[in-house]
Each structure stands twice: as structure tokens, then as C-alpha cells.
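We call the chains A, B, C, D and E, going by the order they appear; numbering starts again at 1 in every chain.
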């Protein structure tokens, strides 16, 4: 057990640094009271100290600091590191071993010809294919999922028996890990899986269909499985949106003699619009990052994230300039997503007005 | 000193080495810490590790030539004459390209060779005779097609999705892969010939769709499940599967057969195998070298081969034979078949041997499956695919 | 402009009976206010009339037609909700026209009605705004406008003023009264604010716990409350209730609490139930009590000087929480002992056992 | 028990000046109430005293020590918040002791103070309950208790009753007054309810838009408002203001609005600014107007019968929104034309130009 | 058409089950099936034997068909294939037995009753040939290169003369040793298990027992061999005339073996994976709650320069997640020395933008007056944070805690980036993936472990479902 512990943490010196921090806290803060008291006092010594030295001015920054540190190092720095990688070349991840490359990586990723050999560049095709296929995926997946999430939310917002139970059932797939989702559906969709065999049993098809191999089917099932796995989440948000619509509006509309159809499209949908917008943007972003489920399912197309994964050599074989090319690709995608989210802010700002 | 040893295994190799290492520890007082990982880690991650400082001291690797730049030259630490005498045939695999390198870099734990397994029960049930040794791929394809049709199978032949399995037959069709100067000449007539045949096998349904076409990029796909579950009559795999198959197949009779030959008469099979190497970055070079030398001794090599049921690279042992103990006769037979294949390939397709030591072979491995798959699925025409292979390899090698 | 009749209307939520059987007859053109403490069933009753709740038992008739099974939209009623329930995503104009469009009314007619209602309610200037851009009072008017354009037979209001601040409330109260005068429609108005009830209603229905306690003109309720509950509920400051018993007095009857002097009671004012010996509560409004040297004792606990009036709070025999109301700034202070007498003509008697008023019916 | 002094205190939020320079001197032990319309700066002022807002300019002194730069925790004040701000996750006992623990007071002393405060406020029985399990009034008492245990020099209250329903409000109002009597602390109390102000305060500070309008005893403010704003703000129903001018009348002065008869004004009541020809507003409270056959005309627009009193709203010369207040049920109705006269002793005059009262200082 | 819309629109219906309701319920039921059937199928499959799974057996319940032995014997007579109808279970399952179980069987006694081709087949199958032959070689003093001969290549074999070495042996002895050596005509014999089915003989119509390789559902015919040997060779049995019986036997070993480290051919230790995942989940959740609530507190309860900027940063991170900037994340984890240990999984995921946002939104609803009251009560800002705000934000903390548990437990990308090279640090999701790329299928273990990995989240779900759903509905993010 203990060795497993040790192995899991390897010989990282982070815990040690943390220990030092706590010991200083123990000395500085001299905790007393209940255990909880003591722990929190020991943890918070820098803030207490800062307040007694400098008043409450710097405190908000101190409260933000740990979170921002982690954000900074693991979310923002990577963005800039990517920039760094995209302008240097070589296989090493150490910057000192990576010579400046100008726009070479951009060439490698997007150029018509190979800058190293002058031959035709294939990388741009791959990247382009990944983007196109992801695009196709997104174009089908997002509207379909939003549509079904909406329908499900509308149904679940009705006065039905055991509403809570239904709600949890539809939400359940969200709890499953992408790996499990992938395995689950592979089990069903593989060539000799239940689906093919059952359909054959029923005589609907003559021979098993390669659900995950056949290019059209694989896209269909990618969309299906991804929708399956995430629908519950968006359904829930929409449900919250629906419930935020005041009930007396419906009563007023009822008094106004509104037909059910008009109720949906003149009252419910317009009022749900802001939520729908949020849901659409969130699911767009999610769909653009689709990777884990698809990876676990071994679908036969490459999404942008798996393109980055593969090109970078994080999975699969490292190649000489892979890191730089992948970093360049991810910058392009990140830029695109940023535009998307700005668009959302603008749009939702407008609808709020 | 403490040596960290990164190991992957197909069967029980790591355990056997760890067992043998106890003798080494007792003898020298060094300590060997075995870190067992999946093959993918060794294949994909080790190089990353070597670039950072997270690398092990010793590892069992398969990309023998590719990692040459990181190897520790053992010459100063080991009995070079002994190594040359017993392992001379494989030592060049570890060396840098160009033929000037004379270093000794590792101990070949085992030789592997690609080759097919057949489901004899199926042949029996279909009433089709197994083609004799020396039969061509054409003969096999015909026989398999007959089995497939008679028994109503989905496919006859499955091949792991990797260029390594693919290369053997390609050599037998006369593909060269690279010229004497070490430059790739990937797509030549032989290569094209086999690629056409191979794509044809898919179009005719001889090979299953869940094999090559189901993968993308360089992804490896193991075809063993297809064979195990009785969906195909032949599995183009390699000698490392013997142990697994002998343990796991209970409901049909299987047999390893010698590599089929090509139209040119060459009977290509990709030799290969794994080796223990030490890395320059090691803090304990001496201990690491000593460990490798210890393992390379005849008695340890023999024990290793017997325990792992693998083909030894030790020349002396090859000649005298290894006592595989109470191994059942079917396993012994398979071992002998594959051992024979190695010899046969060395004779009729020597390129295969050199290719194994070719430092850029991983580049080629990375490119072939991707484009051939595209040709199979119809995403690209075969001509385009072959052109793309050439271009890509050229590009990658240029880097 | 329709008569509204409730016949033994009941409502059950599951096992809970919220309305216990109410009979009510609201004449055409009347402004009827439902009051009662929170949870007494005012909203429920209104919503049943509107058709938003099923009727468990009994009948609701509008202009003699039973509407129990007619859906809300077809009853020809309009409702103004507490929160107005304006459609936030539609302009004021669309809010007004939405209901008319639903019944496929001709464009021209819709425009005519909307324009007219808007002019009447002085919201013409905001027709293109969204409800979010209007003040509380303006929203209130839009909500009313939405009801007006439908030219309903009956208007229903559910606490329409409770979201407004005090000042606006007073103003809007006046507007609704004025609207009623102008349109002459039957209106049913729910509130729990009794000032609203007193000032707006033609008739007030006092509800308690799902039962109708009294139904009548506001001043009738004030002057002749049918029972102790109504007496306590209507009128501010609240009526004082003094426990005691009826005694013979001066040939007539009187009221005596503990050791206080007997309070003579106006003869003929009470019915035959008011016989000596009956345990009763004397109800007297604070402003019907006068300081007098030989009256009942009043122990002042605290005094509130509001400038224009003075309140004294304290104990009297038979009641621990008595209030005395005086005009102007009366210089009394806590701890003083006052004496007061009751205006006999304004005294009420309630039987202690069931709270019913002993007042003779006129 | 400390004197509290504000010297030209100002507060700016960014560019906006919320408090324009206020001087105030609250004597030790005084109960001072801040009133004023919403947004006038009552809370801001209180929070500046408490130390929860920075002071932009001027000085705040407690017991002669300037506290401008002393943090809230160290000023020795205690504050009772509008919503009580009880810590909902702590027992009543912990709520009381939290502040004492923070200053590392000894356990025994904490216990002593908590027990004492709890006894005084009659919350001993609830010490182990959570605030959520208490009624509104009990919570109120805990909030006060939390202030009491700290034995502060000054108590600050920010609209502590506004969350209570009307009935409880009246009761708690009494309790706070009683507490003040018992402890004798200096208290500063913010409210916008003028009944509260009138009934509780020793002194009232009337604020408007960040300025102090008047500071004095409640009845002084009622009887002698310094300006039109105070006059209109204090007193309910609101004072009527009639536009007109001062005229010579009967050797003294009188007030004339439009074509109405002259209203004679009490001699000596007004200062020398009250010269004939001055444009003024006459201020008269609705309850200081009597129906009289030869008085000013009153066009009744609407009538509210509350049972115990009757309000008539309508027009008089010089005012479109006049209110007439009558005791009892007066049978008048909308459209009637009444006449009324003013009690001269109760009339106020405000200069039209600046709203200042023309009343002679006593 | 209108009824379809009716069903989509009505929100709060009253009473009466309308057509709309029926359609709603039908929709829900369909959703229920689509969601739960795959999960149930996973569960059912996880207790099937490796064999059953390899055979793509679609039966709902775990267990195998009744089996029968089919023998192939090579000899001078050529190749003979026949069925041994009466082989006991232990013989059929010989390969699956462990050494102890094998030793417990009276092999010699069993073989004593056999003779001829059955004996040859069975003694090979029961691993007797090797033992007996080696004993014989020693007993007869034959050359010891015989023990190595079988694995030699044909070229190497030419160095040895077999005929000379075996001269003078009896026919039986020679057969035994040649079987051991695998030389012609005594190629190795085999016994394999086949499915025992009952079907009418297509020719005679006589119902009898057959041995077929598998019940391939896709082919119209199954190649059968008569169990009683009455018919030579293969008979094509029409698929739909064949009936087979099966025994039900859940393979709990699928679960037990990997967890106790006894699973064969797995190179990850599931017990470790689970420990790691539990550690990661707990530690990361604690850290997440602490630092996210601190940030939420600062952003909701203070006014300070740059507040909007920081909030914007957090919202941006929501939009451009680490998934995209993998390369940089990889580098960052490496540079901070976190890679290769579970810290590399714990720390980078600790600052969740959604968490900060959720807590901030919740803390905004905590009245400022409480905090001011605490300040008046001389509390320091840190104690305001943890004594007032933290306890009051408990519902939000609980929601985030649960979400964090789920995120961490299910996370795949960060572990892939951070610890792919260190197997000791693998989290459960990585371990599940690790099953791929092995040379043989260990599908049964993977299925079972997948089910195990589901258990915590499912439990969390079942018991805390309400908090999760409200938590998510309130933040609107994942």
C-alpha cells in the first residue's frame, strides 16, 4: 500500500514544499481550537499576515493567487508555450534545444509544398481533413443534440409521473467517463456486436455492417454516441431555463386563448432563447474538442484534437517537427474557439437588451 | 548501483528477465528495478523520456536502430569478442546508419519473425489441404478463399495493421525499400505489385474490413481477436504469438506455417525482435552494461529462451538447440517453423534483415498503413496512395 | 358586464380541502373584492373562476351559463396577474394584441382596440417598448390594457398592486377604480390589503380558511361585522376586544369585564341572544373610546405620538392589548393610568363561544 | 454611552457625491433617528460611522476621538443590520460569542456576557437553536444581543424593522425603545418609516439627497418644520400645500390663493419675511382643515371611506392634489363641492422661492 | 401534426392523460431503452467468460455451450479426425486448469482405460507426451540433444541423425518419442473443444449429436462432425436446424483476477489504478474546493482593481480549454516537474473555471451584510472567508465537490498528457485504455474493469443525483 503511494507520487518534491508551508503556518499562526480551526488557521497564515501588515487592500489578490497560479501555469502558459513551439522546430520539448524556425511550422502545416524537400506537402491535407471531418461532425452533432435536448427538456418539463426519475435517467450518461462510453458502444457497434447481429437475426441486413469503419456510418455513430453521452447535460440546462420561465406567463397565455403551438413558438422558445444560445455555444465548443469517446471507440476519422494528439506524438510516434506543427494547429483552433466565444458574448449581450 | 529497467512484454518476458536479474544482483550487488509498461509506451514514449531526464538506464526496445543516438556503447564494458561471435548477426541492427559504427549496443533478447498462423480445423472442415512449405501467397490466397467460401466465413486472412507485418510479403514480392546506400526507394515494382495484391485481397473479401480498413493513421490494430474467435482461417502475425495461442486457443487446431513466398520465389519474413540496451544518460553505465553482459551469457540466454519460449539470437544455442523443457510438441513445432523462416528469409530476402536495422524504418512503418488503408477504403486511388507514400517518406526522412 | 355566480364551489388539492364550499353572487358591473388572511383561498377561488384550476365540486356560472368545463380562453374573462405576467420578449403593442391574434381577429379590429386601450390607459407613448423598459406603474397599466382589449365580460385581478411601492399603490388604486367606473365591467379583485378593499369595493367578500365569512358593502362590514373575525380584520387600527359578560344594567343590559365598571349597551341594538349572563367579547374600535374620568381604567404601557394623532397602548380589564386612539397631540406618557368610556352606539358584542355578532339584524 | 460628532462629513462614490457635508452632534445616550426618502444617504452615513465605508472628507469623532482611520472592528460600535445578518450556520450562542472570540476574550468572560445579554433579551431558551429556527422577532432580539454583548459605545441600526410584517414591527419597535431606556446607550437608527421615527426618536435627523434638512425632537419637526420638504415628509396624511401669496388682511396678514377667499394668518406666528406680496405656499395638514360653509372651495375627486375616518381627495385653488381628512364616516361622494377653512394656528408658510419656513423662531 | 406539437408545448397540464401524454411517455421510454440497454449489456457481458466473449456470444446470460472434444491424430495412417464424446469436463478444460488442479486429476488412471487413436490424442492433450518421452529418453539413455531437437531449424537438424538415435526402439516407444519431436508422420496431435449440438442428419433425417466449431450466426451452414463417429467427414448442417444447450456460469474471475493481480496477460495492476484514481479524486477535490472557493470569495465579495479582468480570464478558460492546447500543457506539466506522478493529474485540473464561476455565483447570493457583521465583530478576512462564507456556501461546495469527483474520476486527457509514461501513476481510465495494443484480447477483463470503474460514479449519481443536477443546472457548464 505504502509503496503504491510512493510510486503514485513518484519523487515529486511538491508535497515537501507544501509541508514547509504548513510548518511555517504552524509557527506563525499558532493555531488553537478545534481540528478544523487549526487546519484552516495553518493554511491561511499568509493572508492573516498580509492583513495585519498591509490592511485589507491586497487580500483579494491573495485569495485569487492559488487559483490563478494554477490557471496561469496550466491554462494560459500553455497557450504561450504553444506559440513558442509553433515558432521553433525540432523534436525536443526543451526550448533550449529548439532552434527558431520562423514560420516554418506554419508552412509545414498549411503549405502546399514541403519546405524541407520541396515535394508535395501532405500535412496540410491531413489537417484540412481533420478540420473538415470535425466540421461535418459538429454540423450534424450540435443541431441534432440541441434539438433532442430541447425536446427532452420540454417533455421532462411537463407534468409527468416520476419526473425526477426520468430526469436522472436521461442525465446518467453524463456521469460515465468517455472511455466507458467508448467501450460501451464499441461493444454494441463492433462488427460482431449486438446491433449488427440483432439486425441480421431480424433479417433486416444480410451481413454485419461495419458501423465504426464505414465512413458514413462511423460519422453517424460518432454523432449518435457523442449526443448520447452529452445530451443529458444540455437537457438539464434547458430544463433549468424552462423552469425559469414564470408559470404565470403560461397562465396569462392560456387566458389569452393561446394554442399549444403558439405557446411553444411565441412564448416558450423566445424566452428560452438565451439558454438555447448558451447551450449551443457550449456544445459547439465541446463538439470541437470531441476526442475521448471517439478515441476509445476507435472511429475511423480523425478529429482535430486527435490530430493534435497524434501529430504532437503524445499518442503514437513522435516525429521530428510534430510538436511544432501540432502547436501551430492548436493555435489556429484556439483562435477559432475564442472567436466563437466572443460571438456568444456579443449575441447574448444583444439578446439581453 | 540501482538500475532502472524499462520493460514491455508480450508474454512473460519481463518476469523472466526479472527472475534472471536476481542472479545478477546476487553476483554483483547491483539492484535492478524493473518497470513494466505497455508496448506503446516503449514505442511512443521512450524517446520523449530520453529527451527529458526521465529516461531509464536500461530498456527492452524494438526500434533497435532508431534509438541509436541515445545508446551507451557497451564495448568497453563487455567481452566484445564473445558478443561478436555469438550475436554478430544482429549487432548491426543497433548501429547507426552508414556502416561506420562498430559499437556494441545491446543484447538481442530474442529473435522474432513475422509469419502466418492457420486454423487447421477450418481447413479440415472445409476439406482443403494446407499448401505445402514453399507455397506462394497466391496459393495461400486461393486456399483461404476456398475455405472461406466453403465454411461461409467473413474473411480468410487477417493481418495485424502495421507495416511491419506487411513488409515481409512485400519483400517476397520483390520490394526493396531502400538501396545499398541507405536511401529509401520505397515504391518500386515489387512494392506496387504487393500493394495491388493486398488491396485486391480486401476488395475480394479475403481480408476483413475490421482489419486494416478499420484503423486510421498509424494506429496499430491487432488481428489476433479475429483469429481467436474463429473468424478467419489465417492470421499474419509473428513468432511472439506462440505462447498466447498455445494457452488460449482451445477450440480449434492451429499451426504456424513458414512464410509464403512471392512470385519471385523469395519468401520474405520480417525478422526482428527486442533487445536490451543501455542509455548514455544513465547514471550507472557500468552496472547497466554489466547487466546486459550478464544476460547475454549463454546459460542465461538459454534459460531466457526456454522460459519465454522464444527463438534465441545466440548463434551457439541456435546450432545446439534450446531445451524448451516440458513444452508441448505443438509449441516446439511452431518454434522450429519460425526459426526456419528466419533462415529462409535471410537467404531469399536479405533486404528484410537489413531493413530491420535500418534506422529510418519507423518512418516507413508510420507512413505505409495510413495510405494503404486509404487505398483500400477507396479514399485515394492506389496510384495516389503510393505517390503519397513516397512523398511523405521523403519529407520525413529529409527532416 | 356579466353576472358571476358561485354555487357551493369546492376545491381540493389532493386530500387538502382549500375551499370548503362557497356561494357567492356577484351582480353585473359590480366591483367585488376578496380579502382574507394569507392562505385563505382568495387566489384559488379567483383561479377557479378564471379556469386555471379545476373545480372539485359545485358550479361556477357566468351570466347564467355554467362554465365549469369551459377552458379558460373561452370563458370571456380577462385576468391581471400579481406579477403582471407580461410577455417580456414582446413589445407593449404585441402584448396587447397577442390574445386577439390568437383568436384570429382581423388586423384592423386589433389595431383599433389596441389604440383605444392604449389611449385610455395613457400608454400610447410606450407601445413599442418592451415591458422591461417600463416603470412599475406603466407595466401595471399594460397588464390592465391586455385585459381591456379583450373586452371581457369579467375582469379578474389577483393582488395587482402588491408589487408596487406605497405611493404608486395609492395612485394606481385610484386608476383602477376610475377604470371600473368608465367601463362598468364586472370586476373581481383579490387583495389582502384592507384599505384597498374598503376604498375600491362595491362589495367585499371576507374569506377565512376556505370559507366565506361575510359578503357585503364595505361600510356594512365595518359597521356591522358578522363575527369577531370580520370585525378584527376590517378596520384600522384594529378593534379592541374585551372579554366579559352581559349583565343587567339600568333596566337594559350592560357589559361587565372583571372588576371594571359596567358599560351600558344601547338598547335594541342587540338581538335576543344578548341575554344577561352570556359570555361575550365587547368589540370597540380605538377611535370610539373617549377619555372620561369615570370610565374603565386604562394602564398605559406605551404612547406613540404621531403629531396628528396619539396612540396609547396598554391594558384594560378583559384585554391585555388595548389601543386608544386620540386626535392631536395628547400629552400622556407611559405608566399613566387613564380612564375611558365607550360610545355605546359603536359597541359590538360577540359571543365568546362562536364569535358571532349579537347585533340585531336591521 | 458616547457622544458622536460628524463634522462636515462628505462621501463620494467615484464622481457622484452621495453625502454633501453633514454636521451632526449626537449627545451621549441619545436615540437619534435618520429619516429621509430612499437614496438620500441614510445608510451611507451610518456605514461611514460604522467604519464600513471610507470617509471622503470631514471627520467623525466618537467621544472626542477622531475615528476616520480606525477600522470598523476597533471603533467600539455595534451594528444591527436590516436583515439582522445573523450567521445562519451558527447557534444563537455562537452568534453572540463570535465577535468576542475574535478578539480573544477569555472563555469565562464570554460566557458571562452572553448569558447576561440572553437573559436581558429573553432569548435564554433559544441559545442552542439556529437563527433559522427562530421567529422574526426572536431573530431581531438575537441581532440586538450580538450588539449588546460587545458593550459598544454606540449602537447603530440600519432599518432593522423593515423586514418584519406590520404587526411584529409595532411590537419590536416598542422593545427597542425599551432597550434604549434600559441601557442608556447612544443609538443611531436609520429608517424611512416616519412613524418609527416619530415614535422612537429622541432626535430626528431628516436627510435629503445627502444633505441634512433638519435635526430636532420629533414633535418639533412636526409642529415647526424648517422647510417645505420636512413639512411634507413628516406627518401622515401628508400636509397640503397651497400656492398663493401673502396679502394684507384685517390689519394683519392673510393668505390668498387664486380666487379663493383670503385665509387669515395668526399674527406674530411668522417672521419678518412674511410680508405682503411674497409668493408662498401655505402648508396645512389635512386634519387641520374643517368643513365650513364659507371657507375655501374643495372639489371632491374621490372619497375613501375607511370606516373610522374619511378621506376626500380633490382640488382647491392653488393645489391640484389636496386631501381632506375627517373623523368617522362622512357621507360625501366624488363630484361634490365642499368648502373648508383652515385652523390659523396650524398653518405654515413656506417661501415659494426656497421652500424655507417663514415661521418666527421661538 | 397538431398533436405532436401539443405534446411539445404544454408545460403544466392539469389532470387527464391526453394523447400528448402518451407520446411523451413513449418518447421517455424509448430514451430509457437507448440509455440503459447499452449499460445493462455491458454489465451482462462483464460476467461472461473470456471464451464466450471471444466467440461474440450474444446470449444475455453468461455461460458456455455444452462442449465435446474433437481430436486430430497424425500417424502413419495419415491424419485422422474424430470426436471423443465422453471426455469429462476436466479433460475438456485441461488448458484452463492451474497446476494444482491439474495435479489433482488422476491422469494416468484415466489414460489407462484408453487405447489407440483416442489414447494418442488424449495423452498429447493432457501434456503426457512430453513428460513420458523425456522420462523415456532418460531411462533408455538416449542422447540428450533429443530434448532440444524439436525446436531446431531443419538446417540445424541435419547435424543430428535421428534414425540412428532411435534405432532399436519398440514401435510404441518410437511413436511416443517421435510425437514428442514432432517428426513425420507423427506431427503433434491435438484435441480441441467443439460445441455439442443436436440436429437432424440432412441426409437421413436422423436426429443426432454433432460437434461444430462454433455457432456462427452468419453462415447458413455449420460444419458438423458426428459425435458417435457414424458418419465420416464433415456434414453441412443447416444453421436453423441446429440446437445447442448452454450452462449458465457467471465468470466472477473477470472481476477478481485483475483486482487481486492474478489476471494473465495484463500489464497494468488494477488495484493500483483504483488506488491512484481514488487518491487523485480525493486530493484534487479537496484542493479544488479550497482554491476555487478562495477565488470565488475574492471575486464575489471584494471590489478591487482588475476584478472584471480576472473574471474575464476565468470565463475565457471555459471557452478555450486545455484540451486544445495539449502541447503546451504537456510542456507545462513537464516543466513544473509534475509529470510522471499523480500530482501531474491533480494540480493542473485543480483550478476549474466552472467551479470558480459556480461558487462565485452562489457566494453573490450570500448577503454582504453578513460579512460586514463579521467585520464589525472583529473577524479577520481569512476567518470571514472560512468561518462565514465557506459554511454558507456549503450547498455550492457540495455540488462542486460532487462534480469534481466525477470530473477527476472520468478524466482522460490530462492523465494521458501527464502520466502516460509512468505506469505506477496510471489512473483507472488510462488503465482501461491500456488494454488495447496487447497482443491478445483480454476483453473479458476490460469489460469487468469497465464495470468496476463505473461503480463510484454510479453510486455518486444514485445518492447525490439531486445535488448534481441542481449544481449543473445552476452553472450551466461542465
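Remarks
Here is the rule we use: contacts are C-beta pairs under 8 Å (C-beta built on N, C-alpha and C of every residue); 3 or more make two chains touch, one makes a residue touch a chain.
For each chain, UniProt lists the protein as follows: A = Lactose transport system permease protein LacF; C, D = Maltose/maltodextrin import ATP-binding protein MalK; E = L-arabinose transport system permease protein AraQ.
Remember, predicted model here, so these are calculated numbers, not experimental data.
Among the remaining chains, those touching subunit B as well as subunit D are E.
When chain pairs are compared by their number of contacting C-beta pairs, A-E comes first.
Of all chains shown, the one whose average CA position lies nearest the global CA mean is A.
Using the average of C-alpha coordinates as each chain's centre, B ends up farthest from subunit D. Relative to subunit C, the chain whose mean Cα position lies farthest away is B.
Spacing of subunit C relative to subunit D, judged by their CA centroids, is 30 angstrom. Centroids of subunit B and subunit C (each the mean of its C-alpha atoms) stand 94 Å apart. Separating the CA-averaged centres of subunit A and subunit C is a span of 58 Å.
Across the assembly, subunit D contributes no residue that touches 2 or more other chains. Among the residues of subunit A, those touching two or more other chains are numbered 93, 192, 207-208, 315.
Across the assembly, subunit E contributes residues 14, 56, 218, 334, 340, 380, 420, 424 that each touch 2 or more other chains. Against subunit E, the residues of subunit B that register as touching in their complex are 8-11, 35-41, 45, 48-49, 52, 54, 120-122, 124-127, 151-154, 220, 222, 224-225, 228-230, 240-241, 244, 247-253, 318-324, 326-330, 332-333, 335-336, 339-340, 342-343. Across the interface of their complex, subunit A is touched by residues 43-44, 47-48, 51-52, 154, 208-210, 213-219, 229, 231, 362, 366, 377, 379, 388, 391-392, 394-396, 398-399 of subunit B. Only residues 91-94, 97, 114, 116-117, 119-122, 190-192, 207-208, 210, 212-215, 298, 300-302, 310, 313, 315-321 of subunit A touch subunit B when the two sit together in their complex. Those residues of subunit E whose C-beta lies close enough to touch subunit D in the complex are 367, 369-370, 372-380, 383, 387-388, 391-392, 394. Residues of subunit D touching subunit C in their complex: 174, 177, 195, 198-199, 218-219, 222-223, 234-237, 285, 287, 302, 304-309, 313, 327, 329.
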